[in-house]
Every structure is written in structure tokens, then in C-alpha cells.
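Here chain A shows up in two complexes: once beside chain B, once beside chain C.
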Partner chain A sequence: MRPILLQGHERALTQIRYNRDGDLIFSTAKDQHVCAWYAHNGERLGTYHGHQGALWTVDVDPTSTIIATGAADNTVKLWDIKSGKCLKTWDFDTAVKRVEFAEDGSRLLAVTEKRMGFLGTIVVLDINLDVNAEQSSEKSLVITCEESKATVAGWSCLNKYIIAGHEDGSVSKYNAKTGEQIDNVQIHELDQLITDIQWSQDRTYFITASKDKSAKIVNVQDLEIMKTYTTDTPLNSACITPKKDFVILGGGQDAMGVTQTSARQGKFEARFYHKIFEEEIGRVRGHFGPLNTVAVDPQGRGYASGGEDGYVRVHQFDKGYFDFTYEVERQAKAAQQQHL
Partner chain B sequence: MAPSFDHLPDPEEDDYDEDEELDFSDLRERYEVQLEQGLDTFVVIDGLPEVTEETRPKLIKFLLRKLNGVGKVREDSVHMPLGEDGKSHRFAFVEYATPLEAALACKTLDGVSLDKKHKMEVNKLTDIERYGREGRIDEHYTPPKLEEFTEKEHLRSWLADPSGRGRDQFAMYKDNNVLIDWNNEKDTPETIVERPNWTESFIQWSPQGTFLTSVHAQGVQLWGGPSWLRQKRFAHPFVNLVDFSPGEKYLTTWSHRPISIGEEGHPQLAAEDDGKHFVIWDIETGKPLRSFPNAEVPSAGNDEAGNPIKRKMQWPAFKWSADDKYVARLTQGQSISVYDLPTMLLVDKKVIKIEGVMEFEWAPATPRRDGVKTYEQLFCYWTPEIGSNPAKVGLMSIPSKEVVRTLNLFSVTDARLHWQSDASYLCVKVDRHSKSKKSLATSLEIFRVKEKGVPVEVVEGIKDTVVNFAWEPKGDRFVIITTAEVAAPSAVPPKTSVAFYCPEKVKGAGVGNFKHIRTYDKKNSNAIYWSPKGRFVVVATVSSQQSFELEFYDMDFEGEKPESDKDLTANLQLMNTAEHYGVTDIEWDPTGRFVATSSSVWKVPMENGFHMYDFKGEQLREEPVEKIKQFLWRPRPPTMLTKEEQKLVRKNLREYSKVFEQEDADRGASADLAVVEHRRRLLEEWMAWRHSVEQDLEDEREALGLPADPVEHLIKKTDESEDQVIEEIVEEIVEETEEIVG
Partner chain C sequence: MATKAIPTKGADWADDEDLDDTVDALPQGTTTTNKDGTKTIVTWRFNDDGKKVKTTRRIRFTTHKEVVNPRVAERKQWGKFGLSAKDAAGPTADTTSVGENIIFRPSSNWRKDSKEEKTEAGSMKEKLEGKKVKCRICNGEHFTARCPFKDTMTPVGEEGAADPAAGPADSVADAAGGLGKGKSSYVAPHLRGDGAGAGAGDRMGGGKYERDDLATLRVTNVSEMAEEQELRDMFERFGRVTRVFLAKDRETGLAKGFAFISFQERTDAAKACEKMDGYGFKHLILRVEFAKKAAA
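Right, the complex of A and B next:
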């Protein structure tokens, strides 16, 4: 698996997203612009200029028309992918740590930081996917996190719920229409920050990554932990691969502890685990800083990782990846085919 | 009455009721201050025959003979009051010169018979006052309840591994938990017991593995048996260090704080232990045998700034002879005190004066010396040059105190004493300085203890300073690590060389002269770990910041032997190398099958955990353990098989290993089967769950009138143009040549 190294950012990466077709990659970093790349050759499609602070988050709508970004300049911006034009800016009281489009692109959620006396919130904005349309300035819903601030959030299937991961290691489920909290479950160790939530393709379950060195698959229905992947390093990101039953985890020694160790010992590797058997399958080296974000091509052809070192590494899966199966999986498949 | 502290009401408690006084009488009784200090020198003797005025001096004279055995008592210090009828009350008061003598009298004279009918009962006068008062003692004798005999658990049951595989156990102290595991080689260790806060500072195995020692502010506890029950307690407050005798009969504890016995006394220690630092205990009874103060270490002179150099405390300070019969302590520069056990009295009631003695070491086994009929314990010691007298190494036999052998040495800076595990050899590593005292060189003086007259052989040809030395256990080969530079403080430790030695081949039974086999240069190695069974040795770099190498050597390699080594009793081969980042501790299991390397949080802040290797250096397992502090193999007692039986086992090894290999294979297969079964179950569960969730989602979409795919219709709407395929053809000329076609 020979990676493509994307050297477009000057500072640590914060988030990477593929579009639905998996041909475009959007990346944000602590420098102040968003980059768009062709996934198949790493050529840069363009950058989006306008933010005045470190960028924390990006998401692309399901039709690959618009991207939304959130930044430390307390704004959420909407951009036309093709032209690079900024379509809309929403102002908030504090930095925006996470944005995510609903599965039909009709709504956008934004997670705001708790700071300067403002509590952390999750805000819902209505979106019109037409680049020429006027976007509403109204916030259609505001959920305030009284207890522990939300660090990440996302939409469940059918836009029924908003799932949020909190600073204290718990996960909440909110009614996406009313904002009412339905459930709150301590998924990770107490006071171990949840760093990422990413969805399965049909958004019926999700994976959480935490500083407690583990990642967990949780189902939306009752917030039950389905699987746990234990590692030896704090995790910053996790994603679920389509087509194959794997998960990819990224992390590494905290930036603070990095100086005490060599790159070999820093564990700056993307780790592959079998989703169902919870066993580690392999690791991909390359970064020389902790991995801040991992993202997988929704079409299952490859994945990208972004590190504290400022690089994005795009990997195309090779034959070995697709051929890898456990004996029991092969048997199950054979049985199924026979059945048909 | 002036308001005193006792009478002040508690301000915090408003509803304090003065009438409701607590009944402290029981506490007061227990902690009553003994005011009559002046009466401490008096004892009361009961059980004397009745005497009259006339016969009284006779009895007193008779008594004095007994009493003077303890301390000086004059005739007029014995008071035997007479009643109105002119007859004595069958008791006497005796005044000793010091309270200590009085206490000793109570201890030694109580219960001594005077004649057939009369037996002395000696008590302290203060005790009579204290306990003899009305109502203090129940008039009716109630026999103490005898606890019913309960059979104790077998303390060595672990040797019969329940799985029948002869596995070894290890203890781990991590974070605040202590756990004991069976070593399962490649597989996850099987935890036998795990307890939070089992110890407060560290854990330690007894030398034969019977007990696990936990250390607390209140003292030391020993644990053992299959249920890990507490076996013994030794209440040495604020204990810091623990040392066992080799036979697990006795225990030494040390605290940097002097023992302080308060008014209320101490459950195990007595008043005479007050102010002491060391206590030697009998493990079986749990009773202290004797306590000692810290040795006054003569200052090693002053450092450059003029401050006295603090010497590091020697531990163990009390060293045990191989048979648990003697324990000895060094008073540096002066003498060695050897105590007999279990009396803990000085052998011959005298310390052994050896002028200038720097260090001593007991032989680790009882040496059977050629031409000596009685096998005594041996220790060796060395003294530096004093005036015009040369430095000396001596071997002394105990209890006869006969000096078996001495060796004079010159220009000695320092010496280290290394016994071979069977006490067959003693190697004295002598650091010598040149005449200018500027450079150091090391020589090895090897005493052949078991041979007649104890001949000494000098190993020549070592130019550098030897920083580490280790004998092969039960063998006659050794490894040294040398360094050219004198270790000056610098960031990068100097390069070292590792050298191997063995005796050369001789005809007949004897052991030939020690010869150099090979030296490996430009190493960072600083530690040598022999397999407890000999033959294999690990040379490693531990507690270093730069390198973490482990090298596994075989001294009896079964392959081809180089021609140059044909006269040697070894065939050295480097079998494997490994690396363990941050390794701080290395330990062979007691059977010599495995090597565990660990990185303790006490020394390295991160990457803590342990690695398991087999004896050939093949890594079996790597396990990160958060905040691991100690990794300790459980030692085993010496084998019960005779030499002949061991030989027989070795002879039939092939037969045995067949059985074991089959067992291993079977176990592997069944373990694999279990894993596959587990995976199959996981897969089925997941599939079933996915199936139901997908079905539910589909139903819900249908109910809401939504299309099966939430996005497809959106894309159709926005993406009206047909897919375009753009093909770009790039032509690249790789090579161009011109040819003239004729």
C-alpha cells in the first residue's frame, strides 16, 4: 500500500472527510484554510479562504455540492465546492469544534466550545443545498450541554437523533426535533474525553474514540456497547470501513509526551482491527506525530489519515486487504451462497 | 478548681451533657502511667519457706547465691519482714542496682526451685502493685480457651501445578494491585489472585518461594498457601527493608526510624527493643529473637567540599550462612560479629576482630573441602593496606574461627568478593592502581576452595577495569564486563567489552586453569544474567537511556566448535539478540526455561510492561502493563531428587519430552478450536443483529414514505449531466536513437 503524501497544510491536521463518491477529500488544519484534493492522485483541487482562526472541522453534503466548516474564529461557513465561494457565515459565541450534515443534507449541526462563561452547545441549522439560494440565518434548534460539554456529535439514521460524545467520556442521545435528551450513558472511562464519533454507512451504529485508549462500537437504538477495541495509546479518531468488516483507529502519545520518546515508540500508526472479532489485524506506519484524524472512502477503496505532523497520507487498499478473511467468515459466506 | 483541659466542654457540641460522663476506667487501667519509677529496681520473691528470726540470715545467704547470678545484691538489700508471730510471710523484697537487672531477675529466676518443696516466684514490685490490687484479677481461675486445631494449607502446593505442566508463577506489583499469575509462555498468563493494596511499598518472595512478603507501615506480613492466607505478621513499625535467611527460618527487618515502644507497649516487641533499627525474627514462631541498633559507620573521610561522605547502607547488613545457623554483621574497619542461631548470642561470646576489614561474604553453600573432615561454614573477607602491611584476603571457618587461607595483595584500591554458587570457587576482583595512582587495572584472584590447601589462581591479561563479574551457577565458567575508561560522569556511558572465560580441558577429574574464550568489543552491556541452571547467559544493557540490547549466549553450543577452542570446556555461541525499550529488570525463571524482562515505572516513566523470552532468546510474549512496579518470579525450593534420580530423568528425557510435546500439541489444537468457535459465535451474533436492525430501518423508511436510499434522489436532481470520462494520454519518449539505414 503505497500512500500519497498530501503536503498542503502548514500545521497539524484537524479533520479529513471523503465525499460520498469517495473521489474528493476535504481536509482542515490549524492553519486557516480548507483543502480539497482528488483522492485518486492527490492533486489539489483547491483551497477555501476566509476563516480567521484555526479550522477544527469540515463536512461535505451528500450531493458533493457544498461543504461546511467550523473554526476557532467562532464561525461556521458554507462554501460552494466548485467555485470556492463562501455562501454563508454564521457567528457564534465560541469556537466551533464539529460540524456534520444530516444524511439528506437538509440540516447541519455544529458543536460549540464551552468558554468565557458560555456553555457548550449543539446547534442545528437548516440548509438549502442550492448554491444560489439564500441560506436561513435562524438556528432551528439549540441544545445546551449543562453538565459536560459535547466534544463531537452526529446525526443518526432518518435524522431521528443527535448523538453527542462528551468530555466526561459519556455519550448522549437527543431527539433531533425537540432537542430533548433521551439518554446518557458512560461509554468510556470517566473524564476521558471522547475525541471522535463516526458512523456506519446506514447510521444505525457508530464508533467512538477516546483518550482512555479504547474505541467502541455503540448502537443507536439503546446506546449499548457492541464492541470494544483496546489499544496502548490515547486515540484521536476512529472510523468503520465499508465493504470489509474492519475499523481503523488513529492516535499516539499526546503531543505533550512526544518529546520523551522516539518516533518508533510514539505509536503514530493507523491500526486496523477486525470489527466483529475485536482483534488487531495490522498497522500502517508513516506519520511522525500522533494521528489526529482518520477517514475512510465511503466506497471502501482506501483511507486517509491526518497527523499532528501536518501531512495527510492517502492510502489505496490493495488486493491483500480485500482478500483478507478469517476462516469462519469464509465458511459463513460459503454457507450463505449454498443457501441461496 | 482551676479549669483544666479535662473539664472544658467541647465547644463544637452544644448539647454536651456534663452529667453523662464516659466510663474511661478500662482505658485508664490499660494506659495507667507508671509513676513509681523509683521502685523499678525492686523485685518480690514469693514461694519461700517459712523462717524465724534465727533462720532468716541463713535463708538470705542461700538466696543471695541465686540472686547474684543476675546482678550484684548485698545482704542488706534483701528485706524479709517477719509477722507478729515471729515467723516470716514466705516472701522477700530484693533491691537490685538497676531496673535492667531487676527485669532480668524476673525473667531468669522466676520458677527456679530452691529445694524439692519450694519454688521461687519472682515478680517486679511495680507489677505486684499494678495487678495485685483488689479486684484487678479474677479470684476464680478460668482456664484459657484452647483454639481448636485446624489444619493449615500446604505452603508448597504450588509446586504441583494443577494443570500438570510444571509451570512457574510470577508476582506483579502494578499501580496499587498485586497479582500472581501462572506463566503460560505465549498465551495470556492465568491470574491466580489479584488484590488491591496488598502491599504499601513493595513485594518480595522468600528465597524458596514459600512466602510472599508485603510491606506496610505497621510491619511485614507473609502470605502463602493455595488461598493466599496470611501466614505470619512481624510488627516492625515503619519497616523499610526485609531480608530472609536462605532456609526461610529467619527474617531480618530494618527501619530507618528507631523503634519506639510507647507506654502502652507493643504486641510483639519489648521495652529493650526501644531505639533499635534491626529486628531478627523467627519465622515459625513469629517472635523477635533480638534487635540491634544501626551500626555506627565510620565516616569515609571528607569530600572535596569538606562534608563527610555518607556511606551507602549495606544491605543485607546481617548476612546469613548457607545453613541458617549463623548470622553475621560487619563493623567496617574493626570486626565481624557472628551470632549463633536461634540463641542470637555471639559465637564464643566474642566479636571477631579483624583490623581494617572492609567487606565479608559467606559461602553460599557448605563447602566440602578436600582433606577436611568437618564441614564448617566459611566466610571470606578482605582488609586494605594498613601502614606497611599488605592488603589481605582471608577465608575463615565458623564456628572454629580457623583462618583457612590468606592471600596478600599490593596496591589495592578496592576488592569485590564473588562466590560461585556451590562455594567451589571464590573470585576476588581486585582493582589495583598503578604506582602513580593514576590508572586502574583489575586482576581476578580465584580461590579453588574445594581443593587441598586452597590454591589461588590469577587470571591474567585483563587490561581494563572490570565493572561486572558473574559466575556460572553450579558451573565453573564466568563472564566479565570491562571498560577502558574509568566511568566519569558523562551523558554517554563508555563502551564496554564482554569477555567469556572457562577452564581448559585436563586429563582426569580436575578442573584446568581458567582461559579466556572470546571478547566482544564496543558494547553498551552492563549486566550479566546467568540461567540458574548454568550454560545459558544473557548479557544486557539495563536502565540505560540509549540502548536496550539483550544478547543470549550458549556456552555449550552443540554445533561445530572452532579449532582455536578445542582445549576449552566451552563452545560459545551467540544465539539471539533482542531489544526491550526501557528495560530495567531482567530475571530468569527458577527453572532456567524463560527470561522475563520488565520496565518498571519506578525507573522509567512510560512504556512499562514485560517481555517473555525462552532461554534461546525467542520472544514469546510482549505485554504492556500500566504502572508496573515489580515483576518477580516465584523461586522454587531445591529439588528433592537425588543426583541419581536426576541423572535418570536426563537419560530418559526423550521419553518424557514425547509425552509433553503431545500434550502441548493437543492443548494448542483445543485452544485453536475454542477460538474458532468463539469467532463463529461472534460472527453469528453480529449478523443476526445487523439483520434485525436493517429490517427495522427499512420498515421505518417505508412507513415514513421515504425512499430506500436517502441520497439518490437528491443526486439525480442536481447532477443532470451525463457522466463524462476524461482520458488524458501522455506520451513520453524514453529513448531516442538515430540509425542510418544503409
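Right, the complex of A and C next:
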């Protein structure tokens, strides 16, 4: 496969998201604009300007009409995808590290940093998906993380729960209506920051990536660890591929140590693991800095990775990827066909 | 007759310059359809210096039908904005480029494969790691050249196998024997005796190239439509394939009709040669033989 390199940012990438149809890619970096790209040819649709600080996060609503961004200038902004206009700005006390739309796009959560005497919070905002409508300034719910700040968060299926990953390596489950904490489980090693949470297609389970060099699949129901993928490098991002039972993990040496290691030692590769067998099946090289974010096309056609090197690399999977199956999988399929 | 065959369509390349001098207006671009389905498009334009430039492109058109979600199709029509507002349709070179091809084949024994690679590279180092420096004169733990007895004693067991860890300069001088009396005189590798010199020469000239040639098959009468991957799949049945080369036409991308397959083991190659010679592949009968060594 031939990756498409997108050079829209001057600084390290922080997050990449595909829209639901998989035709648009949104990327944020520590420079102050968001880029929108066509996934099929890497053409840049446009950029969104207005933030005054490093952008940490972006999310696109399920209908692909608006995007939300969170930045180090303590704001969350809402943008019209088509025109690039800013629709609304919410101000917070500290930087916003993660935003995510609810499954139906009617609500948005934002994770704020713990800093300057303010505790880390998860804030829920009501969103009107109409571009011309007035957006409410009210915060409909605020969850304060008293013990350990949340680093990432997301909505479970049917917006029933909010799942948050914490700085101390634990995962919490909150009631999405009342904000009450239902459960908190130590998933990763103690005090090893959870760097990413991404959902399965039906949002009944999710994958976490952590600095403790492992990624885990956890189910929403009782926060039980289903699968563990162990690597030899701190992880920054993980995602679950649709269509094929794989997971993609991205990580690498910390940004601070990069200058002291060669590209080979730095382990700047996207790692593919089999979701069920927890076995590494391949790596994709290319970045010359750690991978800060990986995102997979919800239609399963490809994936994109963003690195500390400022590049986004968009990959379209080829035949070898789709053809690959384990012997047991082939046997099971053959047996099933015989049965019919 | 051959002499009468004057090119009728288009101008000969030799006439190009004459045309440039006599005609001021740009010639009409032409489009011709070639036999192999490609099109040759000739266009003319003036460059910055006011000179005429002829551009000849050979293009293959392939129709690729795709059903696109209407929402996606609509979004493709959107106008650009922000920093891209002035960009033309299609990807622009300053933001989008295509990276080098990455071969990504998921495999369940991925880890094992990569480990093998690593051990091969590290093997020489490991081999030498256990070896200690040993003097050939007194068996002490120093290079022969540094031996305190080198002027007074002859080496123990002159013709014995040289220790690879010993200094290479010494082994050359020793092996030279009758040819060069002094220690410093140079002896060409092929003139060296059968001692360490010959061994070193073998290592240099042979190594992987030799092995490669021995286990490489030449496959001819390959279909134009063949792909390297298909060949690899076919030949991998007989053993580990290290390299597949399928000659392709640079312009059309079609196979030229021959390929080279390198195996790790010569025995596998021999087996494959025997089994695959005469094998029917894409309506053609393959001819498989061992590749002849390239002319020295």
C-alpha cells in the first residue's frame, strides 16, 4: 500500500478523526488550526482558524455537519464543517484535552485539565446539530474527578454511560444522566496514564492505550478486561478495526527521548494485533517520531496515523490485509459452510 | 522497399528543429491509440523562454466504476476554505504527497520472521564474541604482531587453521609464504596460499551473491497479466522464497514475460524447478530453469 502523506501542520499531531462515512479526516496539532481532508486522495478541504493555543482534540458529529475542538486556550469551539466558520465558543478554567460527541450527536463531552488549583472535570454540553441554530451556553452536567484527573473520556452505547480513563491507570464509569460514579477499576498499572480510549463499532466495548506499554479491551457492562495487547513501547493511541478483527496500536519513545534514539530503536511503527488471539501480526513503518494518534476508517477501508513529526499518513488497506485469516478461522468458516 | 518508406503520420524526430524554425503557431496536438490499448497524447506549449515544448504522454485509461454514498458524493463538491481556499481542485503538492510503497502483509508468525532477520545480522558478532585474541607464536592473549617473542620464535603450527579473531594483516603475511619475504609486501587475494588468505578471499567474493545465484530460478513465458504476488504464492509452496522479481514494462505496467524467483534453499529451488516447469498459468505454459550466472 502506498500511504498518502498530509503536511498540513507544522507541529506534532494530537488527534485524528474520521467522519462516520469515512470520507473526511480531521486532524489537530499543536499549531492552532484544524485541517479537514478528503480521505480518498488526501486533498485538503480546508482549515479552521480561531483557536489561540495548541489544539488537543477534535470530534465530528455523526451527521458530518459540525465538528467540535478543544484547545489549550481553555475553550471548546464548534465549527461548521462545510464553511469553516466558528459557530460557538465555550470558555473553561483550564485546557480541554478531549471532546467527544454522543452517539446521536445531541450532546458533547469535554475533559478539562487539572491545573492552577482547578480539579479535572468532565463537562457535558447540549448541542443543536443545526448549523444556523443558537447553541446553549449552559453546561448540562459537570463531573469533577477528585481522586485522579481524567485524561480521556467517551460515551458508551445509547449514551447510557460516560467512560473515562484516568491519569492513575484506572477507568471509571459514570451515569451519563446524573454524573454519578458507578464503578472505578484499575485497568492499567498504577500511575501509568491512559492515553486513549476508542470504541468498538457498537460501543459495547472499548480499547484503552496506556503508557504502561499495553493496550486493553474492556467491556462497558462491568469494566472487565477482555483482551490485553502487550508491546515494548509506551502507547499513545489504539483503535479497533471494523470488518477485520484487528487492533492498531500507535506509540513510541516519549517526545523528550526522541533525539537520543534512531528511528529504528524508537519503535515508531503502527502495530497490528489480532483482536481475538492477542498476537502481533505486522507493523507499518513510516513515521520518524512517535505516533500520537491512530484512527481507523469506520468503513474499514484504511487507517490514518499522526506523529510527533507533524505528518499524517493515510493508508488504504490492500488485498493482503483483507485476505489474512488464521488457519482456525478458515477451518471454522469451512465447517460452517458444510453445515449449511 | 525499405528506402521508400517515408514516415507519413507525424514528423520524424530529425525534423523537429526545422519545424521550430519555420512555424510560428503551435502545431495541433495529436492523440493516437496504440495497439496495446494505451493512448499517446502529444501536446505543444510555449515555455517561459518563448520556446516550443513538445510533451508526449502515454496513458492507459481504465474505467473503474464505484458506487458512492450520495452524502459522500455531495461532500466532494464542497468548496474549499481556510488556507486551502485558493487551491485548485484535486490534491495540491504542498500539502499532499504520496509516500513510498509499504509492503504490509499480516502474518501470524510475524514476530518469528523478524527475529530470524535479526539473528542473521547479529550472528557474526555473536560468533566473534566468544573468541579470544590468541597469539600464534606463544598462544598468549595478544595479537601476534604484539608478541614479545615475534623476532625470536616461529609460530606454533604454521599451517594450522588461522583463528578468525587474529589480526588480518598477520594472516595475509603468513599465508604469503614464499611469494613475499618481508612482512609488509602485499599479496593479491588470488595468489595467496590455501591458508587464511584463501578463506578471507572466499568470504569476500562469495557470501550471499553466490548463494543467491545457486537458488534462483528463471521463469519464462509468464503471462502479461501476472503479478509478483501470484508468483510468490505459487512458489512459496516449495520453500521459503527470498526474492521475486517480475520484469514489467515501465509505461504500461504489464509483465514482460519473465521473472526470477530466489529461494533460501537450493533444494527447494530444485524441487520447484522440477514441479513448476511446464505448469499452466494464465493460459501459458511456464518454463522454469535455474538462472545462469550473470556474465562476469
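Operating definition for what follows: the second predicted complex is superposed on the first by the 335 of 340 C-alpha atoms of A that agree within 3 Å, B and C clash if a C-alpha of one lies under 4 Å from a C-alpha of the other, contacts with A are read in each partner's own complex, and residues count from 1 in each chain.
We adopt the following convention: a residue touches a chain if its C-beta (ideal position, glycine included) is under 8 Å from a C-beta of that chain, and two chains touch if they have at least 3 such contacts.
In this text the structure is predicted, and so the values were computed from the model without any measurement.
Trainee: Given the superposition on chain A, are chain B and chain C in a clash or a fit?
Mentor: In the arrangement built by aligning on chain A, the partners chain C and chain B clash.
Trainee: Contact-wise, after the overlay, does A:G105 reach chain B, chain C, both or neither (first, second, both, neither)?
Mentor: The answer is first: A:G105 touches chain B but not chain C.
Trainee: Considering only touches as defined above, state whether A:D318 meets chain B (first), chain C (second), both or neither.
Mentor: Second partner only, chain C.
Trainee: With the two complexes superposed on chain A, say which partner A:N219 touches: chain B (first), chain C (second), both, or neither.
Mentor: It touches chain B, and chain C stays clear.
Trainee: Applying the document's definition of touch, where does A:Y326 land relative to chain B and chain C: first, second, both, or neither?
Mentor: After superposing on A, A:Y326 lies in contact with both chain B and chain C.
Trainee: A:E189 contacts which: chain B (first), chain C (second), both, neither?
Mentor: Neither partner.
Trainee: Looking at the overlay, what does A:T65 touch: chain B (first), chain C (second), both, or neither?
Mentor: In the superposition, A:T65 touches chain B alone.
Trainee: Taking the superposition as given, does A:T204 touch the first partner, chain B, the second, chain C, both, or neither?
Mentor: first
Trainee: Please tell me which partner, chain B or chain C, touches more residues of chain A.
Mentor: C
Trainee: Is A:N41 contacted by the first partner chain B, the second partner chain C, both or neither?
Mentor: After superposing on A, A:N41 lies in contact with chain C but is clear of chain B.
Trainee: Output the chain A positions appearing in both contact lists, the one against chain B and the one against chain C.
Mentor: On chain A, the overlap between the chain B and chain C contacts is residues 277, 326-327.
Trainee: Quick check: in the complex, which residue numbers of chain A touch chain B?
Mentor: So the residues of chain A in touch with chain B come to 20, 62-63, 65, 103-105, 129, 157-158, 202, 204-205, 219, 221, 226, 232, 257, 260-261, 264-265, 276-277, 326-329, 331-332.
Trainee: So in the complex, the part of chain C that touches chain A is made up of which residues?
Mentor: 69, 71-72, 75-76, 78, 80-85, 87, 89-92, 94-102, 104-108, 110-111, 229
Trainee: Sort out for me which residues of chain A touch chain C in the complex.
Mentor: 1-8, 21, 23-24, 33, 37-38, 41-49, 64, 82-84, 246, 272, 274, 277, 279-286, 313, 315, 318, 320-321, 324, 326-327
Trainee: Which part of chain B faces chain A closely enough to touch in the complex?
Mentor: Residues 581, 605-607, 624, 676, 679-680, 682-684, 686-687, 689, 693-694, 697, 700-701, 704, 706, 710-711, 714-715, 718-719.
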